[in-house]
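There are two complexes below, and they share chain A, which is joined by chain B in the first and by chain C in the second.
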Partner chain A sequence: MTSTSLRRHKATGTLVVLGALLATGVGYAAVTSVAEASAPATAASATLVEEGRQLYLEGCATCHGLGAQGINDGSSYGPSLIGVGAAAVDFQVATGRMPLAAPANQAPRKPPVYTPEQIEALAAYVASLGPGPAIPTEDQYDSSDADLAEGGELFRTNCAQCHNAAGKGGALSEGRYAPTLMNATPKEIYEAMLTGPQNMPNFPDSTMPEEQKQAIIAFVEHLQSGDSPGGFALGSLGPVTEGVFIWTAGLGLLLAAAVWIGAKVR
Partner chain B sequence: MSIIVNEAGKAISRADQRMPISSLLKANMRKIFPDHWSFMLGEIALYSFIILMLTGVYLTVWFKPSMAEIIYAGSYEPLVGIHMSEAYASTLDISFEVRGGLLIRQIHHWAALFFMAAMIVHMFRIFFTGAFRKPRELNWVIGASMFLIVLLEGFAGYSLPDDLLSGVGVRIVAGIVEAIPVVGTYLMFFIFGGEFPGNDFISRLYTFHVLLMPGILLALIGIHLVLIFYHKHTQYPGAGRTNTNVVGYPLFPVYVAKAGGFFFVVFGVTTLIAALVTINPVWNYGPYVPDQVTAGSQPDWYIGFLDGMLRAMPNWETVIGSYTISWNIFLPGVVMPGILTFALILYPFIEGWITGDEREHHILDRPRNRPVRTGIGAAVIAFYGILVINGANDVIAITFNLSINQLIWFTRIGIFVVPPLVFWATHRFCIGLQRRDREKLLHGYESGEVLRLPHGEFIEIHKPISDEEKAVILAKEAIAPLPAPPETDENGVATPGLRGKRLRARLSRLYFGDDVATPTPAEIAEAEHHAHELHDHEVAELESAGKDVPANLP
Partner chain C sequence: MSDSQGKDLATVEHGEAPLYPLPPHRPRTTDTDPRAARRAQRQVATQFALSAVLTVGFFVAYWVVPVDQTVELGPFGVWSLSNLLLGLTLGGAILLIGTGAIHWAKKLMSDEEIVDERHPLGSPEEDRAAAKEMFDTGLAESGFAERKIVRRSLIGALLLFPLPFIAFLRDMGPMPGTSLRNTIWKKGTRIVVDVSGQPLRPEDLQVGTLVSASPEGLDEIQEEEGTQNARAKASIILVRMSPDEIRSDQSPEGETWAYEGILAYSKICTHVGCPIALYQRRTHHLLCPCHQSTFDLADSGNVVFGPAARRMPQLPITVDDEGYLVAQSDFTQPVGPSFWERG
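Right, the complex of A and B next:
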């Protein structure tokens, strides 16, 4: 076979294109993986995406569609996941909100169904569909240098109207709600602000820079510490539980005393 | 020793020559008061007021009623460097810097909740037992006025710290004032010294809270107590108790000891609660900023029913030209509270007019013997309860996984459906109890002793009730409903005011028409004649079978 015949072989074009694609893909993956992690991860991330795709098809495609393009046909609904980013997947799946146990106004927090490795694979697959916020790194949500008081001010301005000033959560319309923040981790809080899950608006870095997010995380951690200078906090739910307390325990004690004092001595 | 006694005696006699102390004491220290635990509910309110005055004075020493903006530099780290009013900053200082300040603040606030709760329970005791009837109508009016003043007083105190929670409440009040047609906006500007929030309302509210309203309350409490003294205390029916006597113990020493002790019980319980349980953690809420709000913003519980009305109201508005009447705020915020206030204050006169009762009453009614009044009271509790629930609907929704919209619809429908049902059920229940009373009086109570007759029949032995119980049941007054007015008098002249009189007769029939008659003395004598636990033929049967006839037969 001459070189000419090789060039003229009918499979040549296809092979060249395939070869070029492979070279570009591997090269691109190598370049990007240098930025992200070490070289062995290159091969791993390709398999990770594939592993994620398998998990996706088993657990998520029923609602979100085979291509993650979303379904909204009246009988079932799942939003498109193209471009939501790894952070959204990590938040929804690691907090157990996804997969949904049953259709509801809102996905409740529950023990996660997937292992951390599986969540990583799912996140890698969804991230591969389109550009979106990545999972934040530890130093992004590290609040150790943040300003606590500024965090409080930001929290009251941006968060308290739904999550309550003490982070205890609050009701929204039609059975929806802003959940309590008492068991949210710094990573989850950061991801939630970044991606705006469910009814929550999102706070991208353009409107709320990283330091402000860290300050808010610092304030939520302060709320979580449960520090209550005044004694039992009655759930920090405000005057409602205070009223319940005075009508039950409080008045109960005084009425018991009144009955005791008013009792006839025999 | 004798020198001290002599000197003390001289001092007293010197004072007595100038003021009639000993004769006053002599006349009043042995005054008799009846004994019952429910007569102490008002005392809880009175003692809470004393605790509020004592702790309030302590708080005024450090509280700064000023809306001047400062930067917080105290010891509560999460707020350091935040802009806030002096009022809020000084509340934080009272909580974190002043020795005992947080405890005193919490005693003050818990005592306020006790004050309102005790007043409500006390008022229902007065209501259900008919203690507001002649000659005590005026004291009811005074008590109801105090209740309304304390409602405002409590809200003022809740608002003074100028925290985010109370600021939202003040904003709602500003909105309610604005909703009054025509004058609303002017009135709001007048109260707040300009646009909301302005720089004035904390200092103005402060004057009302620490000076004006406590002063009025003090005066009214004085009159309230003097009237109790003057009218003598009512008593529950019982053996030996009549409308013209008071059976009980003397003020000194019995009630001086009991009431004095109870004051310390109330103070002790309030302090214990304040030491253990947080109330109004203002540091959680942050300073009031008009563009901030916290989920679960609530008023203190006693304002909750007003908030509940506001939350339940559909969004009705009328636009006339460029002018809007906000019925959605005006009706639940102004009109309904006004109607409820009048109904509360005027109830004794309304009932008096309906029943045509002009006699003095010193023996209390048993609630079952006035089914309509008891039914009204129960319906009011249901009405109030639904509104309180709706006032807390967001907290209930998040706590019990409910929909806030469903809770609002429950309120909108329930507020019209539930109170009438409660009225009807309570009314029936009272009449059932009246019938049981009559039964007990005529046939005794079911003793639980079951006897088997020789021919196999089982019968339960009824025994006569005690004389005390008889006296309680017999104390019920039989009141006939007013007769329907004649359309014309004997000369054929139409009765003046026929419509009003007809309405009155109809209402009177509602009040007393279902009354179960108390047995007459003749009926009781007749029943006693037949009051064998066993019928004659049953006794004969036992005797012929050679069995023992129970010894307790009359």
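Right, the complex of A and C next:
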């Protein structure tokens, strides 16, 4: 076949049109995929966002405002949720800290109120309000290759001041406290570092890169394993439990020994 | 007893009968029954022998049990087997020596009660008179009273002699000089993240971010000096808050010590120098875990609670030509706990 006969072939027109369509489609997809990946709402998740908005209006708007802009009018307080990102919603709602039972200085961990699907919808809605940290993927909080020793050093520099050197938590001011890390999952630890829930500061990737977060997670998992090579840890709460123990058990034993030594023998 | 009036009633003159006679002595079963005594002897010897066995057990545990071997102890968690065995054997060995000795003393050693009566503390009159006479004789024979030049030169020599020991105190120095007032921060020193050493740009910090930071080059100085003194003074924390939340900072009129809401404060508590980084991002309060001093970083680092007497020193910061956060100067006041000359 010559080139002339090819051009006049019956199917040529259709093929050209198909080819052009394909090229345009691939090219468009390539150009827009980057933008779409970071766009808050894609066409597929638009219904999810709407579902999340409905849940938000029912359960969250009382404190955070109808537009999630936050309320601080003296009688009630809820911070703005614009730009906090899906990670913050996932952390707060999946650990049961939100919704709050009553306004308080500290939102305690409790069984979650919403199902995982509802949390996903809420997160999608809040993420659609403004750019913020996304829910971390399993790769991000996978600590299997992390450096445990580095994690320990980072933990003592950045976390231990509030959460205690053994991760048991500690008191802050006016009823606030840094919670224990003993039941925190790697995903929750990652989200907490990324978003800084409640009074916790945040530790973004720009000051604490991902592999450092993984190292910290590895160290917390090590703390959670409960190894206490030094013996009875007494809850790792420091002078409180240690003091109670030595003043009761320790002094009690000494008193018993003194009574025994002094007792008259028949 | 006739002259005991007006004296401590429990005091008995030499040679007098005791005021409170002892109750009658009651023999123990080990005193009366030889079989009981032999049993007690066996019990004591068994405790000492067990102690010896435990000491040998200590060496067995020390050489045989690997240090990283752990053991599960039910509700008490996972323990190091080596630590556990070393503690039990060594502690048990000394405990059994103690209990064995007490058992020995209580059951077998003589239990005859003996009372050592309390007598007046002063020596008898004649002893005192003899001592005074001896002193007077010595004074007269040595000529200490008459020979003034000898006496005075001796007193002078004795007064001068302690002075060298005061001079030795100087070797506890040198005096700290200005080192309590200075840190290694100076104009243009880059601020780096503690542990990782990463330099920081303002955009690396979000609102609510806390960074424990130190001056660039700290590690070299630490290695050179061989101490952690430089780190102890120069450690800082960086926080970023939205600029409208900062009610005041320590920069004087016409100067800006913060950079776009980023504030740098010393990490060393002004009370007794604990390193502190308990930062509550919503209240902007910085708490010290040692004595609960609380500083308001949104308000010049002022003390809002606790025993600290001075606000947390602020480090003036800005950015250099390459956009990295740097110090504008050293701290303008001494960091850490108070000292006398500080005023």
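In this section, the second predicted complex is superposed on the first by the 214 of 266 C-alpha atoms of A that agree within 3 Å, B and C clash if a C-alpha of one lies under 4 Å from a C-alpha of the other, contacts with A are read in each partner's own complex, and residues count from 1 in each chain.
By our rule, contacts are C-beta pairs under 8 Å (C-beta built on N, C-alpha and C of every residue); 3 or more make two chains touch, one makes a residue touch a chain.
As the structure is a computational prediction, the values presented were derived from the model and not from experiment.
A.B. asks: Would you check which partner chain A:198 touches, where first means chain B only, second means chain C only, and both and neither mean what they say?
C.D. replies: second
A.B. asks: Could you tell me if A:113 is touching chain B, chain C, both of them or neither one (first, second, both, neither)?
C.D. replies: neither
A.B. asks: Touch check for A:165: first (chain B), second (chain C), both, or neither?
C.D. replies: first
A.B. asks: A:206 in the overlay: touching chain B, chain C, both, or neither? Say first, second, both or neither.
C.D. replies: second
A.B. asks: In the overlay, answer first, second, both or neither for which of chain B and chain C A:239 touches.
C.D. replies: first
A.B. asks: Who does A:251 touch here: chain B (first), chain C (second), both, or neither?
C.D. replies: The first partner, chain B, only.
A.B. asks: Is A:226 contacted by the first partner chain B, the second partner chain C, both or neither?
C.D. replies: A:226 sits against chain C, while chain B stays out of touch.
A.B. asks: Check whether A:173 is in contact with chain B, with chain C, with both or with neither, and answer first, second, both or neither.
C.D. replies: In the superposition, A:173 touches chain B and chain C alike.
A.B. asks: Of the two partners chain B and chain C, indicate the one touching more residues belonging to chain A.
C.D. replies: B
A.B. asks: Touch check for A:157: first (chain B), second (chain C), both, or neither?
C.D. replies: Touch partners of A:157: chain B and chain C.
A.B. asks: Of the residues on chain A, which ones does chain B touch that chain C also touches?
C.D. replies: 150, 153, 157, 161-162, 170, 172-173, 178, 228-233, 261
A.B. asks: If we count contacts the way the header does, which residues on chain B are in touch with chain A in the complex?
C.D. replies: 35-41, 43-44, 77-82, 95-96, 102, 106, 110, 113-114, 117-118, 121, 164-165, 258, 261-262, 265-266, 269, 273, 275-281, 283-286, 289, 291-302, 304, 388, 392-399, 401-406
A.B. asks: Would you mind writing out the residues of chain A in touch with chain B in their complex?
C.D. replies: Per the stated touch rule, the residues are 105, 148-153, 156-157, 160-166, 168-175, 177-178, 219, 222, 228-234, 236-247, 249-251, 253-255, 257-259, 261-264.
A.B. asks: Considering only the defined contacts, which chain A positions touch chain C in the complex?
C.D. replies: Contacts found on chain A: 79, 150, 153-154, 157-158, 161-162, 170, 172-173, 176, 178, 196, 198-204, 206-209, 212, 225-233, 260-261, 265-266.
A.B. asks: Considering the complex alone, what residue numbers of chain C touch chain A?
C.D. replies: 28-30, 70, 76-80, 83-84, 87, 102, 106-107, 111, 193-196, 198, 200, 203-206, 208-212, 239, 275-283, 285, 287, 289, 294, 305
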